[in-house]
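Below you'll find the structures, each written out as C-alpha cells.
After this come two complexes, each holding chain A, first together with chain B and then together with chain C.
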Partner chain A sequence: MILKTPEKNTHQYGKVEGTGYQSPEVWSKVTGKAVYGIDLAMPGMLHGKILRSPHPHARIKKVDTTAAKALPGVRAVLTGAELENRPFGIAVEDELPLAVDSVRYIGDEVAAVAAVDLRTAERAIKAIKVEYEELPAVYDPSEALQVGAPQLHDNFPGNVAWQREMERGSSDAVFAGADLVVEENFTIPAINATYLEPIACVAVDDPYTGITLHTALQSPDAVRNIVAKALNYPLSKVNINGPVMGGGFGGRVYGNLKVYILSALLAINSGSPVKIQLTREEEFTAGRPMIAAAIKMKMAVKSDGTILGREADIITDNGAYSGQAPWVSKTLSERNDSVYRIPSIKTRVRLAYTNKIPTGQYRAYGNQAANFAAESLIDMAAKKLGLDPLEMRLKNCVREGDITVHGLKIGKCGLSECLQAAAREIGWDHKKTGRGYGLSVAIHANGSLVFDKKFRGASALARLELDGRVTLFSGEQDYGQGTHAAFAQIAARALDVNPSQVTVESKETKTAPFSTGALAMRQTTVGGKAIQLAAEDLREKIFKAAAELAGEPVTMGNGVLYSITGQNLELAEIAYHYHNTTSGLSLTGEGKFVPEESDYDESGYGNISVAYSYAAHAVEVEVDKTTGALTINRLVAAHDSGRIVNHLTSRGQVYGGVAQGIGMSCFEGYLFDEGRVANASLVDYKIPTALDLPEIKPLFIEVEDPAGPYGSKGLGEIVMVPVLGAVANAAADAAGVWITDLPLTAEKIYQAMAGWECEI
Partner chain B sequence: MNNLKKQVLIFQLNGEPMGILADPAESLLTILREKLGLYGTKAGCGKGECGACTVLLDDRAVNSCLVPAGKVQGRKVETIENLSQGGKVHPIQEEFVEKGAVQCGFCSPGMVMSAHALLKENPQPNPEQVRVAISGNLCRCSGYKQIEEAILSAAEKM
Partner chain C sequence: MSYLIASNLDEVISSLRDGSGKARVVAGATDLYLQDLPYGLVDLSALPETTVIEEKDGFVKLGAAVTHTAAASSPLVLSRARALAEGCETIGSLQIRNIGTIGGNVVNAAPAADAAVALIGLGAEAVIIDIEGNRRQESVENLYWAYNRSVVDSTREVMLSLQFKPCLGGEGSAFTRFAARRALALPMVNASARVKLENGLVKEARLVAAPVNPAPTRLLKTEELIIGRSINEETISMVEKAAAEEVEVRDSLLRCSARYRLHLVGVLVSRALKTAADRALDPGKAGE
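Right after this comes the complex of A and B.
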C-alpha cells in the first residue's frame, strides 16, 4: 500500500521564508519505515565483535584464540598476526586492521570474531587470551612532544604526526610597531560528533563480484578506495551501498574504517555476511572525535582597532592514530585568519601522538575551535582600546575583491551586512543592563580546489524517465541536511518542472558518479553546480528530441513543451520517442563542473575554493553571579550563503548547527583519566536537549554568488563556527572575566569571578 | 538459548492481541526489533539515555530499552508502526514533515511517540510543556525548534 502523503511542499527554488520543498525520504523516516544501518539483516548473517586493548600502551606478547575458536557458533576469529595486515590510513597510513606488536590506546583493535549471534560473539571475545607487556604512556600532547617522552610510532620520531610553520608578512616588525598586543592561551577539548545512530556495517563477500559494504557514509567513494587498498581488492570489486544515515556531522565522512575493514575481513573469512555495530560506548571510546587543541595566540593592533598581525602556536592532540587530524589541524590553524584583513601571520602548529582515542573530524573542521580563540582576542583588544567590538569587526572584516593573507579570493561577500544585521537584531545599540553581549564572525570554504589539485569539482547525470519524471544520479549524500531536496529544486528550476518530479539517486558507489563526499561544505555549491549543468544539458537534449518529434522548434513551460504551431508535447512522449528511436536509451544530461586550477603554491598560499560563505552571530547571555551559571537568552545567526535554495531546511541547518555550537561552548568535551575516556555515555557526555537551547534567530543575507548554482552557496558547516566566539564574548561581557578553556561551565565562570584566575 | 527462562507474554500490541515466548529479562526494544520485526523503533544507546526507542506503554512514553519484556504482561504497547495506518499519516507525522522537523530522522520515531503521549495527556500544551515532554529524546540534527513547532501545530490541528 502506498501511504497517502499530502502533496504539499511543492514549492519552487528559493521562494519566501517559511516554505520549502522536502525529499520524499522524510515520510519514510517519520513513519518508521526508513531502513538505517542498524536495521539491516541478511540471510545467514553473522554478528561481528571486536576485542579491544584494555591498556593505553602495551606490547602484545601472545594472543591465544583456541578457546574462542572452539566455542559452538563461532565462525571466524581474526588476529593481527594471522592477517595479511596492510597499513592504511586517511592522511597518514599509520593504522593496521588489527594490532600486531603493540597497542596504543584503550580501545585499540586486537582481535575480531564473527558468530551466529551477538551473545556468542561477545562470549568468544571474552574467551580470547592476550598477554600484554605494559609500556609507559603519554597523554598530554605537549608532554608527548618533549624529549624523552614515550614514543608511539617508530616512523614518527618525537611523536610529531604532522607540523607546519608559516609566516606571511614580517611578524616581528609588525608586533614591534603595534599600539597594543593582546595574548592568551586557549584550550578546546576533543568533541564527539554524536550522530544519533551508532555506526553499523554489513559486509557481504561474493567470490565473483567482490565485497559490498552496506553502511552509510558521507564520503563513500573515499572509503571505498581505502577499503580496496586495505583488502588488496581491485577497486571495481568493492561497492558501498548506503542505507539511510542516522546523522553524520563530519563524523561519517570516513566513519570508522576499522569497522568496515574488519567486517569485510570477517565476511571473507567466514564466507557469510557479517554485521558489526558499534555500541554507544564504543562510539565514545573507539570512535573518531575531533582533535583537542591548545592555542596560544597573540594579536597586534593599532589604537584605532586596525589589526596588524597575528601569531599562533598551536598544539593539537592526535590520539594514537592520525585519521584526518593533520587536515583538521591545518584548517584550524589558518581558516580563521581569512575572515579579517590581517596583513601578517606567523603560525606554528604541531600535531602530537598521544596514547588516547584516535581522532577524526567534526562539522567545521576545527574552524570553530579557532573561532573561540581568535574572536575572544578581538573582544579583549576592543575592551582594552575602549572600542566597540562591532566597529572593530566592521573595520577589519573582509570584503568583496579582497585577497586574504593566505591568498583566498573573496568573491561575493555579505559579511559586513551579516554583522550589522546580527547586531541590530540582538539590540546591540540598546543593550539591557545585567546582560552580556557578544559577536563573532566566520568564513568557511565551499569545497576544496587544493585537497586534490587534479580533482576539484563534481559531476552528475540527469535522466529523463519514460514516465516523464527526472532522475538525478549523483555521488553526493543526503543524511537529513537537505542536499537532495536542494538538488531536486536546482534541477527543477533548470528543467522548469516541479521538484517533486525529480528523484535523486546516490546510493551505491558502483553506479553513482564519483564524489569527494559530504564534506568541506561543498555539496550545494560544487555538487549543486554539477546538477545544474546536468539538468541544463538534459534540457537541451529534450528540446532537440522534441523538435525532432514535432518537426518544428519548441519552447518549454511547466514541464510541457510547445511547438511554434501550438502542439503540446509531454515529457513522457519525448522520452518514449527517444527510447524508441535509440532502441532503449534514455535522454541523459551530463553535468561536469570543473573549476579552474588554483594558484595555490608550495607554502599553502593561494585560493582554495570556488566560493566562501560568511556568517556573523550575536548572542545575549546572563551570568548568575552567585553560581557562575551561564544562560544564553538569544542567539542571532546571520548568514551569507548566497541565495537560499530552501528556507525550511536552511533554518533547520542553522538551528541544529547552532545547537551543536552551544553544546560545544557550554558543556561538551571529552574527559580523560589516564588515557581512559571518563565520560563515555550520553549521560556523562552531555549534548543539548530541548531544554538547553535559547531562542535562535536565523537571518539570511542573500548575496547571490555566481560561483554556485543559481547564486547559492553552502551553509551546513559554517552554522556552528561563530557560536563559540560569540558565546565566549557574551559570557565575558556579563561575567567581567574571560574563560579561555572550553566548555564554559558554571564552575569555571564562578572560579574566575571569585578571582581564582586573574582578571583582565 | 535457554528456553527454561522463557515465558509466554501476552499483551496488546498496536491494538491487537500478541502472545510470544520470550525471556522476560530481555528488553522490550529487543523483542520489538529482533523478535517482532518492528524496526521503526530505533536504538541509539540501549541504556535509557537517548529516547530513540520511545514507545507507549499504557499510553505513557517509555524508553523501551529499559523495559524488561516481562513488564508488558497484560498491558498495552503502541509503536510508531501504529501511527500511520489505513493509508493515512498521523497529524503529528504530517506536521513533523511540514515544519521541517525531520533531518536524519533517526530520532523521529521516538520523538513522534513522545509527542503522541504528550498530546494524549495534554491536547493543548504550551511550548514549555512540549520541550519538557521531549527533553528525554535527544536529537543531534535539528536543535529541536522545528520539532517543537510541529508538535504545537499538530496539537492545534488535532
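Right after this comes the complex of A and C.
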C-alpha cells in the first residue's frame, strides 16, 4: 500500500534565487537507506586483500605463493611477475598494478588475493612468502633532490618527478628597487582527505559486457580510461557504476587506482565478483594524501603597501608514485599569485620522489597550502610597514577587468566587497583586547584546463518523461555537495517547473554523458551551464511539439503550456504526443558548453578558466599564554560565487570547508617515522570535532557572472583556501609570534612565545 | 564468546569460578571492544550495588559501574568531589561517557585515565572481592601493576565500589587536563588536586599528574613543599616549577615533546591546586 501524502510545494517555484530546495536523495542518506560502496554484496562475491611491502625501499628477490594458493577457499593469487603489468598513472605513468622488481614505500602493493571470505583472504596474504633485499631509502624531499640520494625510479633521475621554473616580469630589478622585502620559510604536511567511507570496489567481469566496477568516484570517466588502458580492455568494455559516495573532498577524484585495477584483475582471474575494501589504516598508509610542501617565499613591496613582486622556491613531496602531484604542485605554485595585482613573479617548484606514501589531492588542490605562506607574508609586510592588513589587501586585490600575472582574465569580481564585508562582520574596526584578528583572500578557478586542454567543457541531456517529469543525464557526480540539487534547480528555472519534478541520472559511465569529473570546482559553472543549455533546448522542443499538438503558438507558466486561444497542455500530454508520433522517442534537449576563450601557452600563461570565484575570510582567536592553546572564536567567510543557486547547500559547503580548513590549520598532518606513517588512525590523525570549531558566519556577495548558469559560480574548493592564511594571521596577532610550520599546535605556539629552540 | 548480564554478586563470582581464568568481569566495555574478546564476559552493571552513588559512614561511595555521565552529573559528586565530576565529564565522547564506567576506567589501567587521576587525587579506595569471597580495600593509586595493566585480575576479582572522604569545610578538589582537541583525545597531561586549608594555610594536600609514569603519579615532594603555606602567586609559581621537576617524561612524536609536557605538568598541577584552594576557601564555589 502506498499512503497518500500531500506534495510539499514550499520552495520558490522554479527560481534559482534564495531557495532552500532540498534534494529528495538527502532523505535516503539521513534515514540510512542509501547504499554505499562498503554496503555492496553480490551473489558469489569473493573478498580481495592486498599484500603490502613492510619496507620503505627494497628489491624483491622472491615471491612464493604456494602456501597461499593451497589454502582452501582461495580463488586467485596474483603477483607482479605473473601479470602483464602495464604501467599506468595520472599525470605520470610511474605505477604498476603490482610491484615486480622493487618496492618503494611501506604499503607498496606486492600481491593480491581473492578468497571466499575476508578471513581466508587475510590468512592467504600472511601465507605469501616474500624475500626482500633492503635498499637505502630517502624520506626528506630536499635530501632526495641532492646528488647521491637513493634513487626511486630509473626513468626519473635525481628523484625529480616534475619541475617548473617561471618568471614573469623582471624579478631581480623589482626586488632591487623595493622599499621592503619580507621572506620566510613555510612548511605544510601531507593531508588526508578523511572521507568517512573507506574506498570499496566490487569488480564484476562478464564475457559480454566486460568489466564493471561498482565504486563511487568523483571522476569515473577519467578512472575508466586509466583502468581500460591498464587492463588492455576496449574502453566500451569498462563501465563504472557508482553507489552513493561517503565523502570525497578531492580524495576520490581518482580514488585509489590500485584498488580498482586489482579488484578487476582478481575478478578476471577468479571468474567471480571481487570486493576490495580498504581499512582505515590502509587509507592512511596506502591512500593518496595531498602532497606536503616546503615553501620559501619572499615578497617585494613599496612603503605604501603596493606589492611589486613575489618569488618562491617550492619543494613538494611526491612520495613513491606521482598520482596528481605534478598538477597539485602547479596549482600550489601559482594560483595565489592571481589574487593580487602582482606585476612580477619568479617561481621554482620541484616535486621530489621519496620512499613514502604516494600522493593525490584534496579539496583546493594546494591553493590553500600556498595561501598559508602568501597571506602570512602580507601580514608580516603590513606589520613592518605599519599598515592595516585590511587596507594593504584592498590596495592590491584584483578587480574586474584585470589580467593577472599568469594571464587570468578577471571578469565579474566581488573580492574587495568580500574583504570589506568580512572585516565589518568580524569587527575589524572595534577589535577586542586580548584577541587576535586575521584576514585572508582567495581566488579559485571554475574548471581549469590543466586536465585536458582539448576538452574544456561539459555536456548534458534533458529528457521529458512520459509522466511530464524531467530527467537530466549528466556525468557530474554528487557526493553530498549538492550538485544534483543545483542542477535540478537550474533545469527547473529553464523549464519553469518545480525542482522536485527533476531527477539527475549520473550513475554509470556507459550511459551518462562524459564528464571530466567533480573536480577543479567546475560542476556548477561548467556542468551547470551544460544543464541550462540542455534544459533550454528541451524547452524549445517542448514548445515546438506543443504548438504542433495545439495547432497554434503556445506560452508556458508554472509547468503548464497555454495556447493563444487558451488551451491548456500538460507536459505529460506533450510527451505522449511526441512519443506516439515518433514511435517511442522522447523529447530530449542537448546541452553542450564549450568554453572557447580559455587557453594557456607553453609557459602556462593564459586564461585557464571560464570564471573564477573569490573569497575573503576574517577570524578572531584567543591564545592561552601559559599553554599556547589556540581558540578560534569566530570565522566570517565572505564569498563571491556569483548568484547562489541554493542557500541551504551553500551554507553547508561553507561550514564543511571551514571545518576542513581549520583541521589543516590547527590539527591535521601526516607524521612519519622512518617512512612509516606514525598516525595511521583517526585516533592519532586528529581532525577537529564540533567542539573545536568556531561560530562560522557565511556571507554571500552575489555578483552575477554571465559565465555560469544564471550568473552562478563554484563554491566548493575555495571555501577551504582562505581559512589557512586567516587563522595563521589571527594566531600571530594574538600570540605576537609567527608559526610558519603547519599545523599551528599549542606546543608550537608556546615554544615560539617562550623562545624555545624548536624541538619537534 | 559468551556474555552474561549478572543479576547478583553470587552469579558474578560463580561465573568467574566456572570460567577458571577464561571469563572476565566487564562493565561498560568501551575499552574492551577495541581488543580481541576471547573471554566469557560477565557484565556487572545490572547489579544494583554497582550503580549506587551515596554518602554514608563518612564516605562518598560510588558503585564501580557508575557511568562517567552519572558521576559527572551527580549533585553529590559535584558538591563533595568536584575533581571527579570534572575528570568524568571530559572522557572520550558523550556516547563513551554514557556507557563507560569509573570502575572500568580504573581497572583498564591506562596511564592517564581521567577518572582514575581524579580518584587518586581524592584519595579513593577500591572495594574488591575475589572468587574465594575475600573482601579487601586498596587505595586506587596502588592498583597499577604495569603499563595498561591493573593489579585487579578481572578473571578472579571484582571491583565493587570506590570510596573516599567527602570534601567538606575547608577542603576542595579540582581536575585539569590538556589535549590536542576538545573531545576524543587522550590528554597530553592531566592533573588533580585535593587540598585542605586551615586558617588559609595548607594543612593537607594531594597532587596527581599523568601521564608521567605507567600509573597516575602523586607529586609527594611538591605536596610536602606547600604544607603550611597559603595559596598565593608565589606558591603557585613554586608549584609550577616543583611539579615539573618531580617527574620525568619522554618525547612523543604523536603527543608532544618532553620539555613541553613538563611545562604542562607544572601549569596543570598548579591550576588544579589553585582551583581546589579557591573551592576550599569558598564552599559556595565547590559546585561551580
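Basically, the second predicted complex is superposed on the first by the 734 of 760 C-alpha atoms of A that agree within 3 Å, B and C clash if a C-alpha of one lies under 4 Å from a C-alpha of the other, contacts with A are read in each partner's own complex, and residues count from 1 in each chain.
In the analysis below, a contact is a pair of C-beta atoms (placed from the backbone, for glycine too) under 8 Å apart; a residue touches a chain by one contact, two chains touch by 3 or more.
This structure is a prediction, so every number in the text was calculated from the model and none was measured.
Comparing chain B with chain C, more residues of chain A are touched by B.
In the superposition on chain A, no contact is made by A:D172 with either chain B or chain C. When both complexes are overlaid on chain A, the residue A:L648 reaches chain B alone and has no touch with chain C. When the shared chain is aligned, chain C comes close enough to touch A:E747, but chain B does not. Looking at the shared chain after the overlay, A:E674 reaches neither chain B nor chain C. Applying the stated contact rule after C-alpha superposition, one finds that A:D64 touches neither chain B nor chain C. Judged by the touch definition given at the top, the superposed model places A:T626 against chain C, while chain B stays out of reach.
By the document's definition of touching, neither partner reaches A:D206: not chain B, not chain C.
Residues 683, 688-691 of chain A contact both chain B in one complex and chain C in the other.
On chain B, the positions that touch chain A within their shared complex are 1, 33, 39-47, 49-50, 52, 79-81, 83-84, 87-89, 93-94, 96-100, 102-109, 112, 130-132, 134-148. Taken together, the chain A residues at the contact with chain C in this complex read 626-627, 629, 667, 671, 673, 678-679, 683-684, 686, 688-692, 745-747, 750-751, 754, 756, 759-760.
In the complex of the two chains, the chain A residues touching chain B come out as 1-6, 8-9, 20, 22, 25-36, 38-39, 119, 193-198, 244-249, 279-280, 479-482, 648-649, 651-652, 654-660, 681-683, 687-691, 693, 696. Those residues of chain C whose C-beta lies close enough to touch chain A in the complex are 93, 178, 180-185, 251, 253-254, 256-257, 259-260, 263-264, 267.
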